[in-house]
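Presented sequentially are two complexes of chain A, the first with chain B as partner and the second with chain C.
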Partner chain A sequence: MKGLFILSGLGILAMLAEIFKFKKVLYPLVLIGIIVAYALGFTEWNANFNIPMFSNMIRFDNVALAFSGVILATSFFWFILANDYFEKDHITDHFALVLFALVGALMLTAFSNMTTLFLGIEILSIPMYVLAASRKRDLASNEAGFKYLIMGSFASGFLLFGIALIYGATGSFDLMAIRAYISHNGSELPAFFYAGVLLVLVAMLFKVSAAPFHFWAPDVYEGSPTVITALMSTIVKTAAFAAFMRLFLVTFGGVNETWGMILSVVIALSLVVSNITAAAQQSVKRMLAYSSISHAAFMLMAILANNRGMASVSAILYYSLAYSIGSIAAFTVVYHVSKEENGSSNLEAFNGLAKRHPLMAVCMTVAMLSLAGIPVTSGFFAKYFVFSLLIGTSFNWLIILAILTSAVGVYYYFKVIIAMYFKAPAKHDGITIDSSHAVLLLLTTLITIALGLVPNFVIEIFG
Partner chain B sequence: MLVGLLIIVPLIAGLLVFGTKGKASHQFALGFSIVEFALSLAAFFQYHHNPASSELILNCTWVESLGIHFAVGLDALSVLMVLLTTFLVPLIILSSFKNEYEKPNAFYGLILIMQMALVGVFAANDGFLFYVFWELALIPIYFICLLWGGENRGAITFKFFVYTLLGSLFMLVGLIYVYSHTGVDTGIKSWALTDLYAAGKSLDINQQSFVFWCIFLAFGIKMPIFPLHTWQPDTYVNAPTQGTMLLSGIMLKMGTFGLIKWLLPLTPLALEKWGGLAIGLSVFGIIYASCIAIVQKDYKRLIAYSSIAHVGLIAAGILSCTQQGIQGGVMQMLAHGINVVGLFLIADILLRHTGTRDIDKLGGIRSMNGNFAVLFLIIMLGSVALPLTNGFVGEFLLINGVYQYSATVAAFAGLTVILGAVYMLRSYQNIMLGERKDSAIAFGSLDGTDKLVLYIVCFAVIAFGVYPKPLNDLAEEGTKIIMQNLK
Partner chain C sequence: MLGYTITQWLFGVLSLMAIMFALMVVFTRNPVNSVLYLVLTFFCIAGHYLLLNAQFLAVVHIVVYAGAIMVLFLFIIMLMNLNADTEPRKHIVTRVIAGCIGGVLLFVMVGALKGAEQLQLVQGGSSQIGLVKNLGKVLFTEFLFPFEIASILLLSALVGAIMIGKREKTVEEIGN
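Moving on, here comes the complex of A and B:
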């Protein structure tokens, strides 16, 4: 809760910085702010479990705090990655936009009312539309922003319509009230209530870019500046999943027959489409975009196993943490490689990276191993938890499909590793990177391995 | 404690070797692997002295809420397999002294880290840990084959990796499935081997069949069993010699060992139903691979196919679920590991000294180097299982075991003896005897390290053939435990 205030305050401060000329101190200020927000999260742990805020609009329970923790930690790493991004023009605007997006993300972890859900999604999305287009003179960036805006607005429209229908059926925006209404009047819910649930489902699937609602994602990911892509695929995704989970595990858990089957089809489609298309990509950035769809499918599988209670929640928490950390490392490397190659992140650009910058190659290897789900990286445990949730349910076939597509996944992740170690580089000069980025790479790599060795901390967080 | 050391020493050694440079990494690696061998000998004698010794068991909690333990322990079978691993790794390292590898520190570091994973696989008493070590063993060998392999290694290594990874993921699913049925009474799920055995037996036939095929896929790919073998010949031929030795000498045994410890007692019902089919595949693989081996020109590829034939017999013996079959499987695993390392070294020596491994282009090497001819002969005879060589004990028991299962199957499986003799003797005749070909002229004398390795292998072939009792006793004891669990 306090984190939300701090980030909002920082956002407003960032806008004032242009007028009062303290742009220079903004960057350290933001980093400190995030650390403070993170630390304050600990003081709230277990404390305000049942205290509703603002007429029960928002509720920072432990689940919300845990997801906020992931988002704040990732955003800290992201700000280190993005230090260049805040050096040219529009510094204060960029800061403000990112910070407000974070505010939206935090709201999505903690909403307890449909209105806060909508507010959170909009507060998160609108800055993202602008940020996607923030390389103003670049056609691809403009296209990305435009596409993102159109698709995102559509999704928001679906969401609003769905919320309205649900309100019509249950007479409430409050998540708990809706849940109670479902459990009391399970048999006599009107048809348009189910339509509402499905509309909300579609909107959320848009936001997490699951197939067949994924068409915007690759273009937007590729066109946006690399750091913004990193932001989208980590923080935005985590927030969207926190919201997805709260909606469908908690609120609509009682009507899972309605959305379960549809979700399983969506997952199967996402697994197949994303992995096969990713395997055919030449651009690593685009490949990561497609692979993020496949990871979304895995997280959706955890939601699908909706009778497992907190096990599902901690599986999603672990998955989003593992995926975010791995992605930050991968995008840091992609960022530097593409900077070296005038913006191209083609696979050839990675050729011989092991010779040109061994540290980056090692860290990228660990990141790829983690995304591919090889032990003892965090990505392995992430997949393991999802599998163990679903095994023995009627969705065994999804696991088999997930395994088969994972093998395809190994193909494209390892293509990068092979290129780095095995292909001769076009240029032989070394690459220099900031020491802060080197530290970032080391840190994310260590966390990836540490999470794989001791997953206890995350998985047992809810007791 | 000792068992913990056995796992941690190669890991630390591997990381240390990464930090060395040039020739030093070589010597460091050899030194550490000899230390590791000494440790495993200590474990071997400890086991003789007191099988229940606390030195041989280690059990710490890893992830409490999921019932995952870092539980390792050495029983009769794992002592043997660990002994094999730690015996072969120094030989493999020693045999590489004449090969100039780029970045030797990474090469030897990876070998040692792989050794850690292999020992872990053989010692694991926790299903999850077993899986983790199983996968960990794959990463170093992938990089060894990829970075130091022959031409076209990218695609071939990749095929190998995807095959094995796919198999192991299915194994993971099978294991999780069994795991999810543990703790029915207590409510506490557990990955411990004994709990998995109990849970596996409580499943009905359909569930067991699902588990059986999931896990069998992983082991079948690793060994490999027909028709899952297609990755193997190319990978063996393209990998650097040391990589091939690791793959065939030790890694292959992960599959057969897995069958004994992690599949048979887990799904006894499914084994009754599907064992016949699995044995059929294994036996078909024996004949199929032997026939292909007969027409091979490349000596390394010939050994690769012969390896499929041998492992087919091992698998058939194990799947027959008889005391002799399993015990013979264990003995043959040991013998095959030793012989195949020797044979691959010979293939490497041939290539280094004559520039070719093509059997047709070789000939008359005996007249250039009689010493080499004798060493080669001994190892080759071990491989065709002549009495008083190491291959005999295992093969005899294996065929005996398969015979108890079915006489017809044994008749087909027995063909391996004849076919094996055909391709082994014929290739020996072509390469070593006959008219001296141009390629043989420059053969010259062997390098010291090669000679040393060959001597050690020959010694093992004969010693183990003449006096197999200590190993055989252990294999018998280990098999008895498995047989009890099968009931």
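Moving on, here comes the complex of A and C:
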């Protein structure tokens, strides 16, 4: 809760920096602010569990705090990665927009009312539309921002329509009241309530970019500046899943027959479409976009196993943490390689990276292994926990499909590793990177391995 | 009249007009006409708000949407000189698929809302509900948090619009 206020305040402070000319100290100030927000989260742990705030509009329970922790930690790493981004034009605007997006992300972890859900999604999305288009002279970036805006507004329309129908049936925006309504008259819910749930499902599937609502994702991910792509695939994704989980695992858990089968088809489609298309990509950035669709499918699998209670929640928490940290490492390397190659992130650009910058090659290898789900890295355990949730349910076939498509995933992740180690580089001069980025790479790589060694640290966080 | 009350007649006529104008927004090929039909649709919806005792909302709806936003819309269309029928025709396959998907959604909505008129009202409305006084009371008590956090939303939209819209320094200016 306090983190939310601190980030809002920082966002407003960032805009004042333009007027009162303290742009230089803004960057360290934001980093300190995020650390403080993170630390204050610890003081709230268990403290106000289940105490509704503001007439039950928002509820920072332990689940919300854990997901905010993931978001804040990732955003700290992201700000280190993005230090170049804040050295060009519109510094204060960029800071303000990113911080406001973080406010929206934190709201999505903790909402307990449909109005706060909608506001959270919009506060997260609108800065993202602008940031996607923030490289104004680049046509691809403009296209990305425009496409994201049009498609995102369309999805918001679906969300509002769904919320309206649910309100019509239950007479309340409150998640607890909706949940009570479902369990109270379970068998005789009006038909339009189900229609409302399905419309909300469509909107949320769009926000997490699951197939067949994924068409925007590759273009937007490729067109946006690389650091913004990193923000989208980590923080936006984590926040969207926290919201998805709160809605479908908790609130609509009672009507899972309605959305369960549809969700399983969506997951199967996402797994097949994303992995097969990713294998055919030449651009690593685009490949990571498709891989994010396949990771979304894995996290949806944990939501599908909705009778496992807190086990599902901690599996999603672990998955989003592992995926975010791995992605930050991968995007740091992609950022430097594409900067070297004048913006191109084609596979050839990675040729012989091991000779040009051994540290980046090692860290990229660990990140790729983690995203592919090879043991010892955290990515393996993330997938393992998801599978263990679904085993024994009627969705066993999804596990088999997921393992088969993961094998395809190994192929395209290893294409990058092979290019780095076994292909001759086009240029032989070394690449220099900031020392802060070198530290960031080392840190994210260590966390990826450490999370794989002691997964219980996260899995048993809810006791 | 025919067993219906005045309110029911008004509701029927307004709904029919709203749907008709909304369809015209989509089917007209001239963007200016399209916007004008959208204004008419907004007026019909404002009529619905009045029937629901939401007088304040109806007025705000007309002032903000039909007034401010639609005028902005028209300005942009005229500035960009879009008033000719410039929209390219989509391929027939695209149109058939889009029609099918839209039709399925319509089918679901009609099916879902069929029979809904027999349901008990979950929340009865009071005749005072649309007054500014009551609206303000709800906004500053129950909906205080969303009301305040909406300012962040507006602020980020504002910052974003300025960032996108601001003229970049040209190469010569940077050189100086």
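Note that the second predicted complex is superposed on the first by the 463 of 463 C-alpha atoms of A that agree within 3 Å, B and C clash if a C-alpha of one lies under 4 Å from a C-alpha of the other, contacts with A are read in each partner's own complex, and residues count from 1 in each chain.
We take it that a contact is a pair of C-beta atoms (placed from the backbone, for glycine too) under 8 Å apart; a residue touches a chain by one contact, two chains touch by 3 or more.
All values reported here derive from a predicted model rather than from experimental measurement.
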| item | value |
| --- | --- |
| Partner chain(s) touched by A:Pro455 [first = chain B, second = chain C, both, neither] | first |
| First, second, both or neither for A:Leu404, with chain B first and chain C second | first |
| Contacts of A:Glu348 with chain B and chain C, given as first, second, both or neither | neither |
| Touched partner set for A:Pro375, first chain B, second chain C, both or neither | first |
| Which of chain B and chain C A:Glu18 touches, first, second, both or neither | neither |
| Chain A residues touched - chain C or chain B, whichever exceeds | C |
| Chain B versus chain C as contact partner of A:Asp138, first or second or both or neither | neither |
| Touched partner set for A:Tyr384, first chain B, second chain C, both or neither | first |
| Set of chain A residues, in rising order, touched by both chain B and chain C | none |
| Chain B to chain A touching residues, read off their complex | 63-66, 131-132, 135-136, 139, 143, 146-147, 154, 158, 161-162, 165-166, 169-170, 172-173, 176-177, 179-181 |
| Interface residues, chain A side, partner chain B - complex | 369, 374-376, 380, 384, 387-388, 391-392, 399-400, 403-404, 406-407, 410-411, 414, 418, 421-422, 454-456, 459-460 |
| Footprint of chain A on chain C - complex, ascending | 108-109, 111-116, 119, 122-123, 141-146, 149-150, 152-153, 155-157, 159-164, 166, 168-169 |
| Contacting residues of chain A [partner chain C, same complex] | 8, 11-12, 15, 53-55, 57-58, 89-90, 93-94, 96-97, 100-101, 103-104, 107, 113, 115-116, 119, 122-123, 126-127, 129-130, 133-134, 136-137, 145, 165, 168-171, 190-192, 194-195, 198 |
